[in-house]
Amino acid sequence: MTFPAVRAKIEATTLLKSWSERLDLLAQQQGTAAYAFVMGSCAELLAAFEIPLFLPEINCLQTAISGAAQGLLQHAEEQGYPSDICNYLKADVGMHLQGRQLPDKRLPAPCLAIATTACNTYIKWAEIWQRLYNMPLFVFDIPGTRNPAHPSQPGDPAFAADLAYMTEQVRNLISLCEQITGKRLDPDRLSHALDCTNRMGQTFRQMLALNQQEPACFDAVRQGGAYLGVFNAYRGSEAGVRYFSNALEELQQIRQRSLREPAVEAPFRLLFAGLPCYPLYSQFIRMFSTRGGLFVSSTYLQFASGGGCMGYQYDTARPVESFAEGLLLTTREAMDSMFLAGDRLFEAQAACRADGVVFHGVKSCRTVSTGLADARLALQSRSSIPTLLLESDMMDRRLISPAQMQNRIDAFFETLRLRRQGGAP
Amino acid sequence: MVDDCFVKLIFVVQTIQAFLFDPARQECYGSPMSLHEPLFFGQTVPCDASLEQMLAACRDLLCDTGFPTVKRWQEQGGTVLGHFQVYVPEEIAHAAGMLPVKLGCTTGGSNQPGAHFGSYLCSVVKQVFSLADEGTLRPDLFVVPSICDAARNLPAIWSRNFSTPCRTLYLPQNCTGEAAENYLQQEYAGFAAVVSEVTGRVLDTESVRRSIAVYNRNRSLLRELYALKSREPGKLAVDECYLLTAVGSLLLPEEHNRLLEQVLPLLALRQSQQQDKIRVVLCGCFCEQPPLGMLEAIARSCHVVSDDLLIGLRWLTGDVALQGDPLAALAHAYCSSSSYSPVQHDAQRQGADLLVQQVKQHGAQAVVITAPKMCEPGLDELVPVVAALTAAGIPSCVCEFEQGMTSFELVELQVETFSENILYAGGQS
Amino acid sequence: MTRYAAGIDLGAACTKVIIIDADGQLLARSLEKTGFQPDQAAARCLAQALEDAGLEQGDLSAIISTGFARHLASMRHRAVTELTAATHGARLLFPAAGSVLDLGGQTIKACRFDENAKILAFRLNEKCASGTGSFLERTARIMGVGLEQVDALARQSLHPAPISSVCAVFAESEIISQLMQAVPPQDIMQGALVACVDRALQILRQVGLQDELVLVGGVLRFATAAQLLQQKLACQIRLPGDDMLQFVAALGAARIGIRFGGNVSS
Amino acid sequence: MNRFDPPFTAGVDVGSTQTKAVLLDAGAMIAGTAIIDTGFDVDAAARAVFGQLLTGIGLQADEVRMVAGTGYGRFRIEFGDLQVTEISCHARGAVHLFPDTRTVLDMGGQDTKAIRVAADGGVIDFSMNDKCAAGTGRFLSAAAAVLEMPLDELAAVAATASHPVTISTTCTVFAETEILAWVARGKAINDILLGAHQAIASRSLALLKRVGLQPAITFTGGVSRNSCMVAQLEQLLGSWVQVGEQTPFAGALGAALFARDRLMGLQQAAQP
C-alpha cells in the first residue's frame, strides 16, 4: 500500500481511546453501562435513553492486540473455563473475575445486557454476567434466514410474522430501558440517532465501493479494523458521522494520488473471509503485505458491523417501527454474511476483482468458522481463483503457530506469482 | 392371521394396520405383501423374548450403520424427516406420514474433519453431515433448530452439497411473553408448510392431534422408564436405558411405544444388581451423545439415577393439549413446559440450579458431567454448574468426550477414581 | 498376627510391587518391564517381592492393583486407580501433604485430598499432550541435547524464550523458527521448561492448591522443573526420594490394602 | 560422469526428520540423490547432505551453479541461492516424476500436505494437516517406538493383519496411549498397526478431498516408502497411487528444478 489511510487510523485511535476513557471514568464513579454486542447492539435505542454502551467484543480484541488477553485467558482457565470455548467470552470472564480491571483502564459494571440471537454464544456469555451481577438480561430473538435458497423479503407473510415479533420485542426492551432509567422514550432522540447511523452507514458503504475498483484505497483488514471500531462504538452519534465523512474524503484523495502515481508493481488483490488474528494483528497483515498482498475486501466488515455497512436507511418519521425493521434486516444481513458466506463469495470475489481469497478460521468462533472450509470448496467448484485456508485464533496466542502460518502464506504467494507470470489459466 | 409368537411382528403389523385404517397414509405402502414382513428391525424376536434379547435387538439397531429401519421405510415409499438435536416437534412431520429421525444418536458416520469442515468443531455436526455425504442416510427433509453457532451453519452447507430440502427452525430464546408463543406458532406453521410440500399432503387439525396423542403416550412411557431407573437403578444400567430410549430416534413413535410397553413389565420383574456403586446424575448429554462404551464405563462404577441423554425426545415435560389449534398447543407446551438444556435460554431458571434440584429430587450422591469437546453451549455452563454443585456440597466429576472416541481408559480412570473416593476412602480407617 | 499387604502398580512402561506391614513399614519392592503381558509381569514382580520379604502369597491380607492395566492383574483382591493410589502413597510419605502433581511423559494429573487421603478434586490433561514430558524430550532432541544435559543447559539461560505453543507434534517448526531467529539454545530449553510448568500449574490451579504439594512423575528427572514450580508456588513442595520416585502408587495401593483390606468387590 | 552435462543445479530439502538433496544436470536429468538425518544443526545437515551428493558423483561444489533450499530449515541453508516452500517443490517434483500427476500427497514427519497441481507443476490449491491432526509420519514413529519395532518393518507387519482396530485419538502423542490400550486389551500387534495406518490414510483422504482431488495421484515424502500406507490409500481412493524410488526426494527434486529455472533465466538474460 503506497498511501495508507493514516488520518482515519489516527482519528479512530483517538475516538476509541476517548470511548475507553469515558467508560473508565464511569467505572471510577461507580456508574454502570449497558453491555451489548456488535451484531444487534441497539446502540441507537440506548443512545436515546442516554445509557452508556459497553461493547465487550471490542474490549476483548483490544486486550488481544495489547497482549493483556493471555493473562485473562489463563486466569479464566484456572477457574475451570475449558480451552475449547469462545476466547472472547473467556478473556472477558477472566477480566470480570479480576475486578473489571485492565492494565490501562477499569470498566463499569452492567446495568443491563442485550444479547441478540445473531450469535448464540452471546446468550451464554450474557448468562455468565447475569450470574455475576444479577442485572436484567434481554435476550433478543432475531430470526434469520430459514431456507438458504429463499430468504424471506419485506412483503412476504413470513417476513411480516418475524417483523411483528421484532416490534413486540423492541417495545418490551423500551419498557425495560424506561424502568432502568426512570424516563420515557423520547422518539425525537431515537430519530436523531437513527439519522446519524443512516449517514454513517451510507458513507461506509461508499468507502467499501471505492475499493472494488483499481487501484484500491485501503487495506480492508488493517484500515477496515479502524473503521469498524468507530462504526460500532460511535453508532448513532454525530462524532461517528464526522469520522466517516472525513474517512471517505481521505480515501478519495488517496485514490486521486494513486491514479496520478501508480505503484511499481500492482498488489495482489485479496478477499479476506473470516476473522482477524488479533494477537498478531500487525504481523499477520505484514505476512501478506510484505509479499505484495493487499486485502481489498473482507467479509468481517459485513458481520462485525452488524450488517451496518450495507447502509440500511431508517425511516426517522416512524422511529420505533423502523428501528425494529432495520434491526431485523441488518442483523439478518450480518448472519447471512456468516452462515451463507459460501453462497456469496463467488459474487464478492468477482465484484472486488480479487486475485486470491484468504480464509481465516479461528478456534474461538464457530459462528464464522464452521462454514469456511465448505465455503472454500463451493467457491473452488465455481472458480479457479487461488484460495488459502488458515486456522488459528483471534485471541489465544497459544493457538497460533507463526512459522506454520508463514510457510502456507509463502506457498500461496508462490502460486499467485506463478499465475501472474504465466497469465491465469 | 399372523403368527403371534413373534412380538415384533405383532406390533409391526398393528402399526401397519393402524396406518392402513388411516386412508391418508395408504399411499405410503406398495404391495400388500409388506404386511407379512417385519418392517423395522429386519429380524424377529419371539414374544417370550427375554429382556436381554430385546436389549440386544436395540443395540443391533442402534449400531447398524446402515439404518435398516429408515432404509426400509424409504424403500416402501415412505418419506423421512431428518432433524438435528435437540428438540423438533416431530408431531408435525409424523402427522403428514413422515418417519421422523433424530440424527446423531447412532455410532456410525465419520467424525473426521473431512473436506467440508475445519478442525475446531464438535463431532455431531460432522457426523450428521457425513451420514448424508457418504450416502448412508438421505432424509427427504432436513431440519436444524438454531441451537448453536456450529449447527446454524449446517443448513447452508447442506444446501450447497445436497439437493434435498433443508430448513432452519428458529425456536425462540426469549420465551417470556405471548409474542413468543404467537411467533412460534407461525414458525411451526412454516415448518408444516415445508412438510406439506415434501409429502404432498395438507396437514389437517385431526391428523396433527392424533400424532400429538401418540407422542404424549411416548413421553409418558419414557417418564415411566426414567422413574423406574430412579427408583431401582440396579435394574437398569444407564447404557441399557440409553438403548431403549435411543431406538426411538429411528422408529415410528407407535412402534417405540409398543417396545416400551413390552419392556417395562419385564424390567419390573428384573433382579436388581446389588453392587457398591454411587448414585449419580449424569449431565452434559443434551446434544452429542456419549458413545456406548463410555456409558458402559460409567455404569461399571455408577448407578445413574437421572440423566439428560437424548433430552430432546423427552423435551416436553407434560402432555400436549389435544384441544384447540394443535400448532398453538405445541407452541404453548414449548414455551411453558420444557426441559432444560444449555442451548435454550430460560429467563426464569438457570441450568446450574435445576441440576442441584435434580440431584436432591433423585437422592443422588454426586454428578458426573460429560463435557462434549468443542461444544460451546455445553462448555460455557461448566463452571457455573460445578460452582453450584460445590456450593450445595455435591461432588462432581467432569469427563470430556466425543461421539467417535474408541478408547475409554481415561473416562474409566476418572469415574473410578471419583467413585472409589466417595465409596471407600473417607469412612473406614 | 501381623498383617501384610502388597500394592502392584501396572504402569505403561514398568510394573512395580511394594509390600508393607500394618505399620506402613516397607518390607520389599520390585520392578520390571510391563511388556505385552501385564498379568504375567505382575505375577513375576510379586513373586520377586514376596521372596525378598520372605513371605508367601497366602500371608498377604490384601493385594491391591493400580495403574493403567490394573484390571488385568488376576491375583488382585481389588483395583484402584493410580490417582487414588498415588494420593495414599504421597500421604504415607508426607503426612501433611494436601495435593499431588504427577508430571508424566504424556499426562499431567493433579489431585487435592483431605487428611484421610480422600480425593476432593482431580484433573488431568484430557485432549492433548501439550506441555507434557514428550514436548520437552522433542525439544531436547531437535536441539541435539541429551536428556541428562537439559538441566545444565537450562541453567545458563538468562532470558527464557517465550514459547506459546507446547504441542509436542508442532515442536519442530516452533523450535526451528526460534533457532532461526538466533535465540540461544539455553533460552529455548528454559523457555520450554517454563511453558510446561505453566501448563502443569494451570491444571493444578483447577483443583485448588493446598499447603503441601507432592511432586511425582518422569518430568522430575529435570530438576529445573521442580525448581520452577517452587519459584511459582508459595506452598511447600515435597519430592519423594530417588529410590521411591517410581513406587509412590504401588506404596499407596499397599497402604489401601492395609487400611481397607482386600474384600471389597471392584 | 560423462553421462551428465553441466551446468548442474541442486535442491536441498531440510525436513523435520531427514534432509534430502537432488542434483540435476543441464537436461534436468537426476544426476544424484542423497539423504541423511536432519539432527539439530540444520545448516550442518544441509552441508553434509550436499557434500554426500557431490562425492557420490565426483563433483566440486563450484560446479553446481545454483542451489535451492526448501523445507522448514530452508532459510538456514547458508549456501542456498534461493528458497522455495516445500509445497511448491513437492508439486513441481511430483509432476516431473509423473507428468500426469494432478494431485500430490506429501507425507513427512511433521506435516501432511495435499496439493492439486497444474500440468506445468504449478500449485492450484493445497491443504495441510491442522494442529492436533494425527495424520503425519510422526504417528507411525510413535507406534514403532511403543511397539519396539524398527520403523521400516511396520508396513510388512501391518500387511498381515485382518481385523484392524480403530484408533480415534486426534493427538499423536496420545496415540501411543491408545496403542498401548489396545495391547492391554490383547489385540494382535499387526491389527493395531494396520489400524494406525488406516487412521492416517483416512485423515489424508480428508486433506485430499479438501483440495478436490483429481487423478493421477502421486504420493511423495518419506512415508511414500511405506507399502502398507500405499495400499491403504489405494483402497480408500479406489485408484492407483503413483510411487517410486524417487518419490521420497520429490521436495528436493522440485527445489532443484526451481534452481535450474532460475539459472536458465539468468543465462537467457545474459545472452541477448
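By letter and in written order, the chains are A, B, C and D; residue numbering begins at 1 in each of them.
The rule is short, and it goes like this: a contact is a pair of C-beta atoms (placed from the backbone, for glycine too) under 8 Å apart; a residue touches a chain by one contact, two chains touch by 3 or more.
Small disclaimer: the values here were computed from a predicted structure and weren't measured.
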(message) Going by the contact definition above, tell me which chain pair has the most C-beta pairs touching.
(response) A-B
(message) So, comparing C-alpha centroids, which chain is the farthest one from subunit C?
(response) A
(request) Take the average of all CA coordinates in subunit A, do the same for subunit C, and state the distance between these two points in whole angstrom. (result) 47
(request) Report, in whole Å, the distance between the mean C-alpha point of subunit A and the mean C-alpha point of subunit B. (result) 37
(request) Mind checking the centre-to-centre distance between subunit B and subunit C? Centres are C-alpha means, answer in whole Å. (result) 41
(message) I need the residues of subunit A touching at least two other chains; which ones are they?
(response) 79-80, 373, 377, 389, 391, 399, 401, 403-404, 407
(request) Spell out, as numbers or ranges, the residues of subunit C touching 2 or more other chains. (result) 68, 127, 170, 173, 176-177
(request) Indicate the residues of subunit D shared as contacts by at least two other chains. (result) 72, 130-132, 177, 181, 210
(message) Tell me the shape of the graph of touching chains, choosing from line, ring, star, complete and other.
(response) complete
(request) Quick one: which bits of subunit B touch subunit A in the complex? Just the residue numbers, please. (result) 113, 115-121, 125, 146-150, 152-157, 159-161, 165-170, 172-174, 176-177, 179-180, 182-183, 186-187, 190, 194, 342-343, 345, 347, 350, 352, 371, 373-377, 379-384, 386
(request) Flag every residue of subunit B that touches subunit C in the complex, lowest number first. (result) 275-276, 373, 399-400, 409-410, 413-414, 416-418, 420-421, 424-426, 428-429
(message) Give the list of subunit D residues in touch with subunit B in this complex.
(response) 130-133, 165-169, 177-178, 181, 202-203, 206, 209-210
(request) Please give the residue numbers of subunit A that touch subunit D in the complex, ascending. (result) 373, 377, 380-381, 384, 386-387, 389, 391, 399, 401, 403-404, 407-408, 410-411, 414-415, 418-419, 422, 425
(request) Sort out for me which residues of subunit B touch subunit D in the complex. (result) 110-115, 118-119, 404-407, 409
